[in-house]
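The same chain A turns up in both complexes below, where it pairs with chain B and then with chain C.
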Partner chain A sequence: MAKVATRDWYDIARDTNWTPTYVAEDEMFPPQFSDPYGIPLAEWETFDEPYKITFRDYVQSQREKDVGAYSVKSAIARTEFYRKASPGWKSLLQLHFGAVSFTEYGSVSAFARMSRFARAPGMRNMANFGSLDEIRHAQIQMYFAYEFIGESRAFDWAQKAVRTNNWVVISERHCFDDIEHTRDVISAAIMTNFSFEQAFTNLQFVALSADAKKYGDYSFATMLQTIQSDEARHAQIGEPLIEIMLRNGRKAEAQKLIDISFWRIWKQFSVLSGVSMDYYTPLEQRELSFKEFVKEFVGNQFLRNIQALGLEKPWYWDEYFLPDIDVYHHAQQIGIYLYRATEWWDVIAGVSPAERQWLESKYPGWNDTFGQVWDVITENILAGRLERTEPKLLPMMCNMVGFELTGVPGKKWDVRDCQVDYEGRRYHFGHPVDKWIFEQEPKRYKNHMGFIDRIVRGIVPAGPDGVFDYMNMGEADRGNCGENFAWAESYRRAAE
Partner chain B sequence: MDSFPLVINFQGDYGMKVMMVDPDTTTIGEVARIAHDELVGVVVKPLPPGTRLVVRRHTDGQPLDDGKTVAAAGLVFLEAVDIVHG
Partner chain C sequence: MTDAVVFPKSNSRPGLKTWSTLAGTRKRPSEYEILTYNLHARTRDPQAPYEQDPDTMMNSWYKKHVVASPLTHPDWDAFRDPDQLTYRAYTTMQDGQEQYVDGLLEDHSENGHDASLPSAWVDALARLYTPGRYTAAAGQMASAYLVQVAPASTITNAAAFQEADCFRWISRIAYRTRELANSHADRGFVTGERARFETDPAWQGIRELLEKALVAYDWGEAFVAYNVVAARAVEEACVRQLGLAARRHGDTLTAMLADNQMKDAARSRRWTAALVGQCLAVESNRAVIAGWLGKWLPLADRAIDMFCAALPESPAAGEAAKAACAGFRRELGLA
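Here is the complex of A and B:
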């Protein structure tokens, strides 16, 4: 029997809209879940995904990806590679698997909601594949992490993280709950598929994959590549939605969704990818600096995508986003090192004399600013004052991002707190954009208790171990210096 | 009892910190001294000899009297203060 070409049946097969007779249209697709923008059904039916795939082809290509990723090396070889890896690469893997795996699992339900509530049949179809993608991403990352459990307890966090109140995890949950899980499916898809997946997943899954390949971690590189190939496909759900919004007079709403989500995801990736690339990746294997990767993938590619759709770059792009690329992750890296006991991974300083030279060349002025704090930390380690490398004062955290409220230290000191007093509570934000996001919808954000809020309001148990008990971190779970402070010895040798 | 949080923005530090104080007994001068002891030599380089620290309200830059208590200075729960070289 002659096979009918896909293009001849695809559109008909996935056009599964019908006129309900047992329930009203609004009961089947409640506006608050399906479309608060009031766009006519006929418009949603024009949704045309740029990348079309059949279920048969999908299964075949996913199987091939899995075969490729799982068979790069045997489990024994991967474990052997891990044992010989540099402390920085170990930190990177520990951070990645703990921070990323559960967000992938969460995305399964985000896509499932699109499959259920989207009014565009093409979107429902694509979202089904998206759910399957995210199941695969969660599984493969938990599988790879599990292989290393015998090497480090940190890999337990691939599964454990989401069930804890670790401060990093609280920050992630707040961000991804906001953009993926607590909005109607149109808003969530624009925020997730367009802002998050088109702008930023390239950083962690393509740029980091390049570093991994250069480092010789082919398993990790291949795994990241297979994930990104899925992201690249289902990220395309966003563009047709934006086109429909624009055609129906909803440009301002689409722009705002992007402006909010771009910034929220930027902060997460600035820390996750920024610290991994500029501090944890061994110097010799760094493909580009984080800033250079951001300028290529976000500054060029994503900006082109936004403008091609007829939208504007986010209002804060020039004034706040571009300068933030130079500073945010450097300040966060200091705090991550100092408050290492509160993190599940073993941290790396990444500031040996050669690394500092590299940082200064990529980020001119680094030595006069962030380097000033590292000078103090280095001196304390060399003098054996390790207790002075862990501050007794708690860090203040941003009420939007959930990370430390930071700025520029040292000779160009500039740390600012943007405050909002709302219904009797003072909120603190690390940046005017974080404050702006809060002010767009205070009712959405006002009840969130960040980690520091929980401490100062007595929600976290008192006592020296109260914070750790609250974060479900026994002594064995707490991060250490991954090099046992040996990195500072390079300064002593340099002085001699 | 030290159950009242202030947000400390110490000159030279990379980020803000939280200090728990007793608002009725802790003076502004003591806030500066505690911050100095906890942060200089930890995240900030030793200050030049004779450096005087000034505490000011972060929102409006209003200098605060060293001798007043936190409560008397009118600082609210989680008030942010800058501690800068005078």
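Here is the complex of A and C:
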């Protein structure tokens, strides 16, 4: 007798629903976690994951993947590589590992919630792989970050960021807690697997990997690629759920989940990937601009996926999303550079004459807007007025995104401040879409204290170091200019 | 790349020997600790475990079932998995185990094992073995609940690998279900398991135990109900005693698969023992756990009796299974 073919037993392994009688069905699968949409169980049981793999094949292929990913270069060679890397690349690694590792670890629990509460056994099984995958992503990234910990304290943040109240981390938690961790498993899966993983992880794991390869950082490139191969698999939990929602008259609800999560994730990736690609990656190694990557991975692929499912592009797509690709990360980059002491990584200006030329070519009009702010910063640095490049004033921050409220400076100054007064408190938003998200479910977002709210209300201790203490940032945790302002010198030479 | 250029040393932010969170430890941290220790965001702020309104559905749930649990400890993150499993170690280990199982299945299939089984034992397999995938599915769900609520990342990861082990056995039982159906049509393989699990008296105690354990939402009770009681009862009755009966009936394959499944069970017991040990260091926890055991043990003992009574030619099975469960609790200092 031969081996039983996988297709002959696979369905049995996802035929694991029984009807409970010793406890109520709603107790075992509380609607708040399992299905607030009231779709019949038989409908959920049609869930069919597009990508099928067995436990047996999973452990084998993942073991092989890790043998490859962990052994591209020895630890010593990697440390050597890091020492010689350009400041921009160093900063990119510092930012990446601190910002990404803990969100990966968080996803372990998001998938586990699906494995516990999803009504479809196939979804529970796929999410089980998802939890394992995310343990892998947290561990492999912490492993690589740990190799650099002797080089810079910034890499400590791959481990400690999650427990701090650093303002960047608060922003990340606010976003990912919202879409991944605090909703029923159907909504969370659509938001996480479809909007976040399928639409955006390509940016950080495929596009950035291309830059890394070009830069010669093969360990980082390979690691990112293998992460994306897991993402591409478990991201597929989202689509069949959307199909079931649509078949059962829940199109509006599915659409709204996507509209909310797409925007929330966009804001995070815009800053994380946008700044990394357009300012930190050394000029010669930039594969494409961030905008070009977004057009390809998000503008084309995501839009195709969403339309193939019979959904619409988010309502704000043309009016707000497309224009935002040109501005948001450029505006945030300025604040990130100026408030560098509040960030764990060393920041990079990325605006030498050649880089500005590149920015202007990729983002026509950049010089007349963002460039004007950089002119002032450059002048201050050249005149030795470094203190003027570190603002003492508190910025206004968005109560949804948790980043500074920004618009387009310079000739078309346009700082948006959308406000909502709700139950006696005023909330500020950086964008009409952020305000719209708040208004969809104020009870979810109210009473959350943004970073500036915490300062204003005295939650953050007073005194010159109060803010830093609150963020768990000793002197050595605070970022500097990664090039020690050497980039500005090129302007002095040009002027001479 | 551009290693020809030498950049000015930008600043003095010296590196560290290890993560700052592990700086105080005497021993050099292991790879396991470096990659597993102290990674949860939700344990940061007991008022709002999640970064949103403190009273949202999920914040309320976590505060009620974890923060306010009667099971307490000043430092849950002190927990260590005795097996020190990382992801890489887990996939490497289980790839090896799965390779072994592949070999078992191939050997037995080549030798015409299933066709040679006594007819009455084939019926016993249809009644008592293949419906077992539902118990593994319950274990997958129970473990997944611990993953997402556990108050330490070291506990979360141990539970996640336990969850994956359950998935492993859902899969292998499914494989065997089809294989048995291929050589023994009309015995109810593939088509009959759900009804057996839902209505056959042999399974009803087990099903009641698992369903109730699944709705024990206090995280501490969920751990005790599943890891200390239910998982052990299911293993001792539906795996070990079933395996022994199989061997008596010439079914070496079921027996050897059971032995292999007990390896995963042994690992689960090791971390369960470690966590119970940590709990008992806090005096008030002893009464809390005793209270839960008082509630769960009668269900478990009854479940074992009902299942083992159906095992052919195994008059001592029930007592042996109950004794083994009690022995495990004695090891934990809970007897």
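Quick note on the criterion: the second predicted complex is superposed on the first by the 495 of 496 C-alpha atoms of A that agree within 3 Å, B and C clash if a C-alpha of one lies under 4 Å from a C-alpha of the other, contacts with A are read in each partner's own complex, and residues count from 1 in each chain.
Methods note: contacts are C-beta pairs under 8 Å (C-beta built on N, C-alpha and C of every residue); 3 or more make two chains touch, one makes a residue touch a chain.
Quick caveat, the model's predicted, so the values are computed rather than measured.
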item: A:H329 touches, of chain B and chain C: first, second, both or neither?; value: neither
item: Touching partner for A:L394 - first (chain B), second (chain C), both, neither; value: first
item: Contacts of A:D178 with chain B and chain C, given as first, second, both or neither; value: second
item: Residue contacts on chain A - larger count, chain B or chain C; value: C
item: Touched partner set for A:G150, first chain B, second chain C, both or neither; value: second
item: First, second, both or neither for A:K256, with chain B first and chain C second; value: neither
item: Common interface positions of chain A, toward chain B and toward chain C; value: none
item: Sites on chain B touched by chain A in the complex; value: 3, 5, 7-9, 11-20, 35, 38-39, 41-45, 58-59, 76-80
item: In the complex with chain A, residue positions of chain C that touch it; value: 1-3, 5, 7-11, 13-21, 31, 34-36, 38-42, 44, 48, 50-59, 86-88, 90-92, 94-95, 98, 102, 105-106, 109-110, 112, 114, 133-134, 136-137, 140-141, 144-145, 147-148, 153, 156-157, 160, 163-164, 167-168, 170-171, 174-175, 177-179, 182-183, 190, 194, 197-198, 207-208, 211-212, 214-215
item: Touching residues (chain side chain A, partner chain B) in the complex; value: 331, 334-335, 338, 370, 372-373, 375-377, 380, 388-389, 391-396, 404-410, 413, 415, 417, 419, 426, 428, 452, 455-456, 458
item: Chain A residues touching chain C - in the complex, by the definition given at the top; value: 1-4, 8-10, 12-13, 15-16, 18-23, 27-28, 32, 54-56, 58-60, 62-63, 66, 70, 84-87, 102, 105-106, 108-110, 112-113, 115-116, 121, 124-125, 127-128, 131-132, 135-136, 138-140, 142-143, 146, 148-156, 159-160, 162-163, 170, 173-174, 177-178, 181-183, 215-217, 282, 284-285, 346, 443-448, 476-477, 480-484, 486
